[in-house]
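Per-chain numbering from 1; labels A, B, C and D assigned in written order.
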Amino acid sequence: MIPNIYTIPLIQLASGDRLSLQVYRFVGAKSGKKVYLQANLHGAEIAGNAVIYQLIEFLKTLQVTQLVGEVWLVPVCNPLGVNQRSHRFASGRYCVYEGKDWNRIFWDYEKSQDDLEEFAKTQINLDIDTIRINYSNKIINHFATLTEKIHSPSSVPFTELFRYRLQSLSIDADYVIDLHTSTDRGLDYLYYFSSRELSAQYFLLDYGILLDDYDGDAFDEAFIKPWLALENTLRQLGREITFDIEAWTLELGSGMQMTPQSVEKGVQGVKNYLLHKGVLALKTKAIAHEMTFRSKSQVTKYYAPVGGMVQARVPLGSEVEAGEKLYEILMFNKTGELPSLIDICAEKDGLVYDVATNHAVNEGEYVLAVM
Amino acid sequence: MIPNIYTIPLIQLASGDRLSLQVYRFVGAKSGKKVYLQANLHGAEIAGNAVIYQLIEFLKTLQVTQLVGEVWLVPVCNPLGVNQRSHRFASGRYCVYEGKDWNRIFWDYEKSQDDLEEFAKTQINLDIDTIRINYSNKIINHFATLTEKIHSPSSVPFTELFRYRLQSLSIDADYVIDLHTSTDRGLDYLYYFSSRELSAQYFLLDYGILLDDYDGDAFDEAFIKPWLALENTLRQLGREITFDIEAWTLELGSGMQMTPQSVEKGVQGVKNYLLHKGVLALKTKAIAHEMTFRSKSQVTKYYAPVGGMVQARVPLGSEVEAGEKLYEILMFNKTGELPSLIDICAEKDGLVYDVATNHAVNEGEYVLAVM
Amino acid sequence: MIPNIYTIPLIQLASGDRLSLQVYRFVGAKSGKKVYLQANLHGAEIAGNAVIYQLIEFLKTLQVTQLVGEVWLVPVCNPLGVNQRSHRFASGRYCVYEGKDWNRIFWDYEKSQDDLEEFAKTQINLDIDTIRINYSNKIINHFATLTEKIHSPSSVPFTELFRYRLQSLSIDADYVIDLHTSTDRGLDYLYYFSSRELSAQYFLLDYGILLDDYDGDAFDEAFIKPWLALENTLRQLGREITFDIEAWTLELGSGMQMTPQSVEKGVQGVKNYLLHKGVLALKTKAIAHEMTFRSKSQVTKYYAPVGGMVQARVPLGSEVEAGEKLYEILMFNKTGELPSLIDICAEKDGLVYDVATNHAVNEGEYVLAVM
Amino acid sequence: MIPNIYTIPLIQLASGDRLSLQVYRFVGAKSGKKVYLQANLHGAEIAGNAVIYQLIEFLKTLQVTQLVGEVWLVPVCNPLGVNQRSHRFASGRYCVYEGKDWNRIFWDYEKSQDDLEEFAKTQINLDIDTIRINYSNKIINHFATLTEKIHSPSSVPFTELFRYRLQSLSIDADYVIDLHTSTDRGLDYLYYFSSRELSAQYFLLDYGILLDDYDGDAFDEAFIKPWLALENTLRQLGREITFDIEAWTLELGSGMQMTPQSVEKGVQGVKNYLLHKGVLALKTKAIAHEMTFRSKSQVTKYYAPVGGMVQARVPLGSEVEAGEKLYEILMFNKTGELPSLIDICAEKDGLVYDVATNHAVNEGEYVLAVM
């Protein structure tokens, strides 16, 4: 089975050169769900590219009858982020021109809609599929109006153009999977949304963090929030519905790397999820994997209380207890004193799931995170 | 009259060196209003430093009896922003570590308070001064709780430390004046808030933009929004009050420069405003200057619709009409074509009040703004 | 007359996108000299792109009989430099990955050759055209060996690939013209090499700086130094020859801009030079313009002796005398003192030909230059 | 034994804040050699700070009689480099203002001296200690003249100020030890100079690279090159002398980290070297460690021949054979093709001693190095 490949112009640079997106689209014999996967939205988070490469290799081996619906794959989905450098490093985390996080720029229909309750009332007695279609059309129609501003003489800042291009590909999807990694060094886990715990377990990862506390305008949020809002409003009106619409952010290990184990977990997880959703029509059966769930609001990030050099840090993956030493800072000074060591201890119990790559810290810089 | 000078440690760097804030505080013989001025929150916006220098020189010539209340002056208030470089340029607009605009990080009491209506009801029959004190205490007490997190082992990201230090100096002020300039090339104007048009005219500038559309967490907003919210709530409860609490952002010309005319306007404007407010007890009488007022929501920013080089741009300060050519882009390509020129025309009438310093544009980069 | 247009792949980015060079080549009916022009080697120095655009427009109006030889034009010749950003600014002066000035990376045959005297002795009695051909072949053959390393598994750093691509286009030219501007704000002038004063005057500029003190591996140097070395060696052997080989760097005003007057000077200068060289076969006669010549070794650059903000700087283009005040620094401190002003005076007489765009200076940052 | 601690102002920033150097100087009861150690000249290379901290702790435990001569220790010796950030990373490898490698800026007396042969002739019959003193005075006197330019109105760029401050501390040392790490991920090894193999072995490291091919103006080079030049000239005049003057650059593991094993090796190595040199007067005996020596000119660095993502790279520390696969690149494209894998094989046998942290590569970016 061979994918359709679409090359989509993304941006014309000052030099006249153009950067593009490229979509690999596998279409099954039978119509069904649309799955949208992208990788490398943050420039340093490259592991998902290897996941997508291996999924392409895998999907190529299938018969069209073994795929139900469509799978869209977009590796290296943010060329400006991927190619950016500062000496040999590159987080590509934010647009250096606009000073904005590449994953906090997306169009969130929930924020622009003001008639949700009104709409919900008109749908309250319809069947779930009809509501689904009606709301989807509403979102897509509103999204389409964004082109007006893009094509006006004043146009839009690049981040708005970029989000439009990416969301054009995914706005009508059923399942959106955004492949990330830590900026620094991290475990493998996923971010999920309210009421999607059951599905989460098919990604075969050990940890899941519930996005109960929004960052705002992230890719996954922007996709699913309007649906969560509708579910919520219908619930308040007495109708309990959960749409089969899902958004996932998978965190596959460390930044600037494609750790083979993390890539392998990503590949296996996505395949198993597609199996579970019936997108892959294979003999194998999908497996649910027991997960530890936490909430984003309960995560504690540790920032350096003084400037200096971090040493004796607990290893990534450690379970720590409140009061236990997490790391020490070798602190220098310019006031004629000897250098000294400062201990920093855990505020509460938890799992160290992410640690900084850079062990030199100005005051207030990130050291590690505990879930 | 000699100011008190306070040097306040701001951040310890990884190298052990420390950067500081320094406050120049002039205290009059009679107590009265507290005026807080700062400059250079964005690293490239340096003109306000010269304004503060000239105000210090001026205040030094006064007798203590000529000052009623206090004036706090904080030049170069963001050392990390001021000292940052990328080759010879430096916008210092955002924290390169956190990727956040230095003027979108401030603590906004309005966002954390959930009992405003309840509080307003308890104040509805009190006199304005008492309400003023009660609410001010409420804000200050809440602000004080931020130190807890700062001093916990997990501490806070530097932007939260920084905002705490700056807002500590200004939280109890009556008038807050934040001296900015364009990032690029700009006219002299100010940003003001709802119901402050009359005071605005004492800054002697030609243009004022009403912040009817918040950027979110800017220094001026964070200071005044809780008060505007209280005014609004009291109004809804039937009590019409405007507190003598004001926040201003003055835009004094172009970035990376201290244009003498813009500096002079800043100095004259602030003096006249202080005179108007009775902080300066001089023989001279304050003058109101006729201003053109616009709303932020009506401003149009133009972004390049293609990549290339901007030329033939209308000059800064031009009045343009809808359909008139604003600029052209010399567009190159890498597809074997000759270079070409693209015209961009005004969408509507207005004043070109800000233009980009850099005339090379990737698609979606800023070119100019019309109010 | 229509140019041949060649699009040459330059670099494949991590995202799989490619950036290219594009050459516009006009070939006259009669063979003759090869003129090579490029613009925008430093990313912020864009004025030369407008010069090249206008030259293309002009050359298109000519008959093939009006051109003798060929003119190669390469605008936006350094896409990585042109497209780089740090917030809204971009000097694009150095490769951010390798930390190298884009104009100090070129292959200089003089440095690798060790048999110059030997070679010169074999040529001493030949006619100038034969020597010219022999030496040119020697250079080109040596240059061709660079591909071996490029195509080896270990390959080369990008700057070496880039220089190879650009020098491939120009290595066999007769006249090389590299269009630059100031990084900051500058007058219009050119850099020239030993014994080329007469030709220099046909560029119609007021000032010329002799490169008696090499920066090392600049584009113009790398092109002409081997020829200067041969001229010098032949001279020592008793043969006085000046090859009709010339390299020029034109500095056309300020960075990040395409100042119309500077662009116009560039266009007129290049046309007049081509006329003088017989490359343009028109009725008009080339004019020599009286120039002031200085040596690079006599230029004085002023660096800030303290940190602070530059004000009261003499205007660009001022003639100053030793002892005259050049600028002052408004110096702040964090030691509890009042801010103060520091005067900086000229060390010697001269013309202020370049001034910094950014008026905020850390100690040791550039302020202005006097020739 | 307590060190003298000197705080030396290094630079005044635009904000008025100052950054400093701080020297820890231990002076023994008996006079003798001067040892100079510094760490963190490149901003990301922090391991040496922990080495210096542990050496300070160790030296504090000694009696003054156990130290012969003096040991000067300068941790975090480049505050601008140490504190620089680009999101969470920071190579601090080059001065972002001047675009210069912080370790290619030093004053090299060999380059400015033009009377070496003449001087050598006057010394040819003197004893080694007298020559040593005479030449040292010559160097120091010449170095002292640099202050003139620094204190002139035109002053010097910051890199020249910085080098002056650091070299002031070390110019009269006998042994200079510069503690570095890889920018990326590296083994532990040292760089040494001609005729210093025997001493090298006392640092207890497994690998040494002879600097037979100068980078130019590095700290170690600038210190020792004048002495090597004198040794060489005397040798040509028939006098064989090796001065007891040594310069070392220790590479202690990976960038942005203080790997405990690398730090420990650094501490043990320096102690053993000081013992060997008689600077530490302890009971223990210095041990020579067998080393593998290579030449810098034989090192092969591999750069990506295409853009993409590096995977399946041989581990750091691997011995590879010519023809063996070193790594593969997962290459994407924007031309409608499937992604593909490219293998890169070793050109020759050797040890993989350094590998890139970032596995995303634009064409021409660094991947690994083989010695």
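In this section, a residue touches a chain if its C-beta (ideal position, glycine included) is under 8 Å from a C-beta of that chain, and two chains touch if they have at least 3 such contacts.
Model, not experiment: these values are computed from the prediction.
*Asks:* So which chain is farthest from subunit C, going by the mean of the CA atoms in each chain?
*Replies:* A
*Asks:* Tell me which of B-D and A-D has more C-beta pairs in contact.
*Replies:* By the number of C-beta pairs in contact, the winner is A-D.
*Asks:* So, what's the distance in Å between the C-alpha centres of subunit D and subunit C?
*Replies:* Between these chains, centre-to-centre, one finds 34 Å.
*Asks:* Where the centres are mean C-alpha positions, what is the separation of subunit A from subunit D, in Å?
*Replies:* One centre to the other, that is 42 Å.
*Asks:* When the centre of a chain is set as the mean of its C-alpha atoms, what distance in Å lies between subunit B and subunit D?
*Replies:* Computed value for the inter-centroid distance: 46 Å.
*Asks:* For subunit A, give me the residues that contact two or more of the other chains.
*Replies:* 13-20, 22, 76, 82-83, 85-88, 93-94, 97, 99, 309, 332-334, 339, 360, 362, 365-366, in rising order.
*Asks:* Show which residues of subunit B lie in contact with subunit D when the two form their complex.
*Replies:* So the residues of subunit B touching subunit D come out as 13-20, 22, 40, 76, 78-79, 82-83, 85-88, 96-97, 99.
*Asks:* Please name which positions on subunit A make contact with subunit B in the complex.
*Replies:* The touching residues are 11-18, 93-94, 97, 99-101, 152-162, 300-309, 326, 331-334, 339, 344-347, 360-366.
*Asks:* Touching residues of subunit D toward subunit A in the complex: what are they?
*Replies:* The touching residues are 3, 5-7, 19-22, 24, 43-44, 46, 49-50, 53, 56, 75-76, 82-83, 85-91, 93-94, 183-184, 256-258, 260, 309, 311, 330, 332-339, 356-360, 362, 365-366.
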